[in-house]
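Read through the structures below before going on.
Look for subunit A in each of the two complexes below; its partner is subunit B in the first and subunit C in the second.
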Partner chain A sequence: MNAVMISALYALVAIGFTLIFGVGGVLNLAHGASITIGAYAAYYVTSAFGLNVWFGAIGALVVPAAFSALLYAGVIRYVEDDPITVMIMTLVTSIAIEELVKVQFGTQSLAVPSLVSGQFHVLGGIQVNRVLVFALSWVLIGLLFAVVNYTRTGKAILATSMTAKGAALVGIESDRMYLYTWILAGAFAGLAGLFLASLRTADPVMGRTPLVLSFSIVVLGGIGSIRGSVIGAYIIGFLETFTQSYGSSSLTGLASLVVLVLILLVKPEGLFGREFTE
Partner chain B sequence: MTENSLVSVIDPREFSVRTWIGLVGLVLLGLAPFWMGFLYGGNQDLLMLRTVIAALFFGMFAMSWDAVSGYTGQISFGHALFFAVGGYGSALLNLGFGVPPVLAIVAGIVLAAVAGLLIGIPALRLEGPYLSLVTLVAPIILMRFFVFKSDVFGGELGLSSPDPILPTSGFAQATYVYYFVAFAAFVLVLVVLLAVTRSDAGAVFTAIREDEDAVAASGLNPAKFKIFAFVLSAAVGGFAGAVFVHTTGKPTPSQLLVQTVSIEVIIAAVVGGMGTIVGAAVGGIFLSLFRNQLSDVHATLPGLGIDVGSLDLFLFAFVTLLLLFYLPGGFLRWGIRQGRRAIGADGAAADGGKTPVEQVRESFRDAFGGDRDE
Partner chain C sequence: MVNEDSQSGNSDCSGSESGEKRNIVSNLRRASDRRTVLKATGLAGLTATAGCLGGGSGSSGPSGTFKIGVLAPEPEKNPIGASIANSAKLARDELNENGGVLGNDVEVIVKDTKEKPGVGKDKYQDLTVGENVDFTAGVFTSEVQLALMDSIAEQETVHMDTGAATPEASTMVKDDYDKYKYFFRTGPVNSHFLGQNMVDFASQNFSEMGWDSVYVLVEDYAWTKPVQEVVKNKLSDQGVDVKNVKRYAASTEDFSTIYDKIENSGADAAYVAMAHTGTPAILQWAKQQRPFEFGGIHVPMQLPSYYSAVKGACRYAVTQNSATPTSEVTSKTVPYANAYKKNYEKFPVYTGYITYDAVHQYAQVAEDQDSRKADDIISGLEDSSFTGTAGTIRYYGKDEEYPHDVVYDKTGENGVQPLWLQWQEKSGSGSQVAIFPDDIATGSYKTPPWI
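After this line comes the complex of A and B, so read on.
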């Protein structure tokens, strides 16, 4: 049961990561930083202004989206032809964000209030908060799926991911599509950060584990495929929960990384990969 | 490549200006313990010397990265893996089995070379971001494994210091001895890597970076050379890591394994001049010293109330961004070009004047089907 819920969260993170890679062709290693920013934005809104956690959720949506947009428009746009520089810069950015969060909020874990309190009295009691997080994650994933497949902008994003040149020929501004994907990815990661913080706690390096898991999920599902990410998230999520409950908690992350390396070696295009050619 | 006999390569009369500059710099560096006392009074010079020792090791790390990534264009995002394998391997042999440090270092080199083989073989199948992902997660896997087997590897805290490479007494003597050990290791790494990269093998490395298909078409097996580059680089990195733990360093994740180490190494090599070895060495030394100085600054940023010292990584990142933008060839190439212009010896570049960063960029574009070229 735990695995089902946490997997939905992982899917939320991985989708943003795969969008940026599939459309822009770059690995955004600052994706974990968006998670952290989302969680701390929610924390700041709820603790400093004393507002309701739902206002915190707005903060967790807007602030990481703005950060992501700024990162793309201010830095990545100029170096996007050079994936190595992008990787170095986003990695360094994420370290810089971690440092800033440490300086501003300290290294200790902080609690973000639950979205709703109470328990469902089924299956030995489940927190309503968990169920809500799960449901919201799926609503968001569904929304994204609908937007990408059925709206004009979504189709334009999809077209850019297939061929930027072809998309440009039919009048799609690829730069704007890249910006959209970065904003979407930032917002999704931010909300995932809030959800993670409300299920557990927030700390400056909280974005690292989901980011590393996203690598595995995205590669497993096929880079650039939303459906693949969701399925990949569930496989990895169950694998993680399984190793944690039947192996040892210090094995966290090890199994999924081994899966990542194996997939890259055996079937680099992943389960639903579209265009990887050697 | 012009045909050079060994005699003409090591004949001082044939040296160019920049070779002399490099040699003088190296000699000055080697004599640092003698002139540093004049610059810093009291015990300050010993502390400064320790900083320079750390910088020398960092220079070695950067050179080892440059040997594989700068030359063949196979960008490794997790070179710390090799430093850690060398350092931890050597330390464990020494601590657990009482192997003398010198032998333990040799074993560390072998272990790191094996690790290089393990990373190098997948590298044959993967390209671009996919290879980067594998190299990125390899040290994370090792770290998780270290945490899992904390009783052997010490987990997050690392191991205690193994025996020093040479017996010393007192802080001052130890510092001087370690300095010369570190310097000797630095020169050894520099000479070995320069010899390899300036040889025909080095020419093939560069050719792989520029156009792998052309290398294969001329009857050379790129796979063989890539593996060789990975193993060489890993062995050098392992050597540096192993000597490091037996002198001033400690076998801890924060010094050898964390992601920051891998990234700083890349930044150092790129900023110094990717694909030159010397550039990586200089970049490594300077960046290490620069960061050290920066973290000692205890000024407070006006208005924000944030200590500059705690922002050292942040500022460092900013400077790197600017350099990547404006000097993609690194400081060394820029310096050589300025120097050539000054002495009026500016000739045509054999490779069309492309920097390695640009070449890697092109091969990455190829990996994406060449769809996004302007």
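After this line comes the complex of A and C, so read on.
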């Protein structure tokens, strides 16, 4: 049960990561920072202003989306053709965010309220909050599917991911499409941050584990594939929970890395290959 | 004079260091191949180390301003580190108001260990070699404390540990007294005794609390190993049904699967030892309203402002602590906590009480011995019985099992005895209610309503 719930969250993070990579060809190591920003934005709204957690959710949606947009428009846009510079810039940004959060909020883990309280009295009791997080994650994933496949902008994003030149020929501004994917990815990661924080806690380095997991998930599912990311997230999520329940909790992080290495060696294109190939 | 000599020696040392740094930079700029750079860096490093290693404070002790070197983890951001740093400063101000130590002004120099052994070693070197301090105090993480042991021996400068609990440090004093005698632990009681205290608490309180069976949960850090050992060996002798003793990874963020196991075991309570990972654990316990009670050594819960930080999640949970702002462990406890709050706006955590005691005890011993020589101080500390804020501070002797560790005494008369508290809600806000030992208890244990 834990695995089903947590996997949906991982999918939320991984989709943003794969979107940016699939569409823009950019490896965004600052994706984890969006998670942290989302969680702390929600914390700030609920603690400093004393507002309801649903206002916190708005913060967790808007602030990371703005951060992500700014990072793309202000920095990455100018260096996106140089993968090494992109990696350095995004890595440095994520470390800087961690440090800024430490300075502003301290190193201790912080509590973000549950979206809803209470328990369902089935299967020995399940937190309503968990179920809601699970449901919301799926709603968001579904929405993204719909947007990408059925709206004009979504189709334009898809076109850009297939070939930026071709898209430009039919009048699609690829820069704008890249910006949209960054905003989407930031918002998704931010909400995932809020969900994670409401289930666990918010801490300055909370974005790291999901980022590393995203690597495994995205490689497993096939880089650039949304469907692959969802399935990859479930495989990794189950593997993680299984290791924790029946193995040792200290091996949890290792399991997904082993999968990453195996897939890279055996089936580097992942389970679903790359849907958006040039 | 000796001090002046050694200080000028130090300035030479740092001078040559910066000179070499400049050389490295210019080498880096000029170097056409990496080997040259590597060679240059290696050489510079070697000379710098050789230049700076020159041994300790010498035989006649420091003179001039009485300097205290303080090592604290992130004193700006972390309440544990802030309590160490601020309490040393508070003690400094009080000493200066009363004429200083042996007629000298007292100065406190704080360095950040960042909870990293390597950083801790560098900062220790800065304090002893660079600043020539009388003694050092602080250190929270056991891993950092252990990394410092050889440097402490080399510098022959007394170190008062006020946060790290690993007994490995005092075992080193036992194994090679002459080398490691400079190490003292003012508190907390070492983690062997932390475990013993958990057993003692269980034997005297569990039946009344209704904790007939427990699931022991310890985080995987150096300090919990002896705790785990003692609890594993002795807890079931107290008539407690120990369902399991689980050591979980330091990186654990999600406790769901662990809590499922506790639930399935049918244990009445989780009996824990947590410092670094405590907050996610307590939040998930409370939010998920797990059907078992929660208590043990939970370091974050010792923080007086914790209730608001976790929005009340710690309500009904129990933790051991050195002291609380309202508990009269000794006549000094409450006045210290209030003075701290007045100066720094918040109440301190346990490392604060201990650091404050360490500084005052050291100053007292220096006055009594009329000396600042390390050897005089060491024999003074070994004989000292000092009433601090956390209890009666005495140290185990050279021939005992844990030399230079603060004495644990379950009666609290001839040593320190940690207290136990439960977070309860009083008129809308959280309160650390002392529930044990009886002479300082201000309330009794309450079972969470969802159980």
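The criterion applied here is as follows: the second predicted complex is superposed on the first by the 274 of 278 C-alpha atoms of A that agree within 3 Å, B and C clash if a C-alpha of one lies under 4 Å from a C-alpha of the other, contacts with A are read in each partner's own complex, and residues count from 1 in each chain.
The rule is short, and it goes like this: a residue touches a chain if its C-beta (ideal position, glycine included) is under 8 Å from a C-beta of that chain, and two chains touch if they have at least 3 such contacts.
The structure presented is a predicted model; accordingly, all values stated were derived computationally and were not measured.
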Touched partner set for A:N2, first subunit B, second subunit C, both or neither: second
Partner chain(s) touched by A:S109 [first = subunit B, second = subunit C, both, neither]: second
A:T151 touches, of subunit B and subunit C: first, second, both or neither? neither
Contacts of A:N52 with subunit B and subunit C, given as first, second, both or neither: neither
First (subunit B), second (subunit C), both or neither touched by A:T252: both
First, second, both or neither for A:L199, with subunit B first and subunit C second: second
Residue contacts with subunit A in the superposition, subunit B compared against subunit C: B
Subunit A positions touched by subunit B in one structure and by subunit C in the second: 102-103, 248, 250-253
Interfacial residue positions of subunit C with respect to subunit A in the complex: 74, 76-79, 220, 248-254, 256-258, 260-261, 263, 279-280, 283-284, 287-289, 291, 300, 309-311, 313
Interfacial residue positions of subunit A with respect to subunit B in the complex: 21, 25-27, 75, 78-79, 81-85, 87-89, 91-93, 95-96, 99-100, 102-104, 163-165, 212, 215, 219, 248, 250-254, 257-258, 260-261, 264-265, 268, 275, 277-278
Contact footprint of subunit A on subunit B as seen in their complex: 75, 77, 122, 125-130, 132-134, 136-138, 140-141, 144-145, 147-148, 150, 259-260, 263, 266-267, 270, 306-307, 310-311, 313-314, 316-317, 320-321, 324-325, 357, 360-361, 364-365, 368-369, 371-372
Interfacial residue positions of subunit A with respect to subunit C in the complex: 2, 6, 102-103, 106-111, 113-114, 117, 119, 124-125, 127, 129, 199-201, 203, 206, 209, 241, 244-245, 248-253
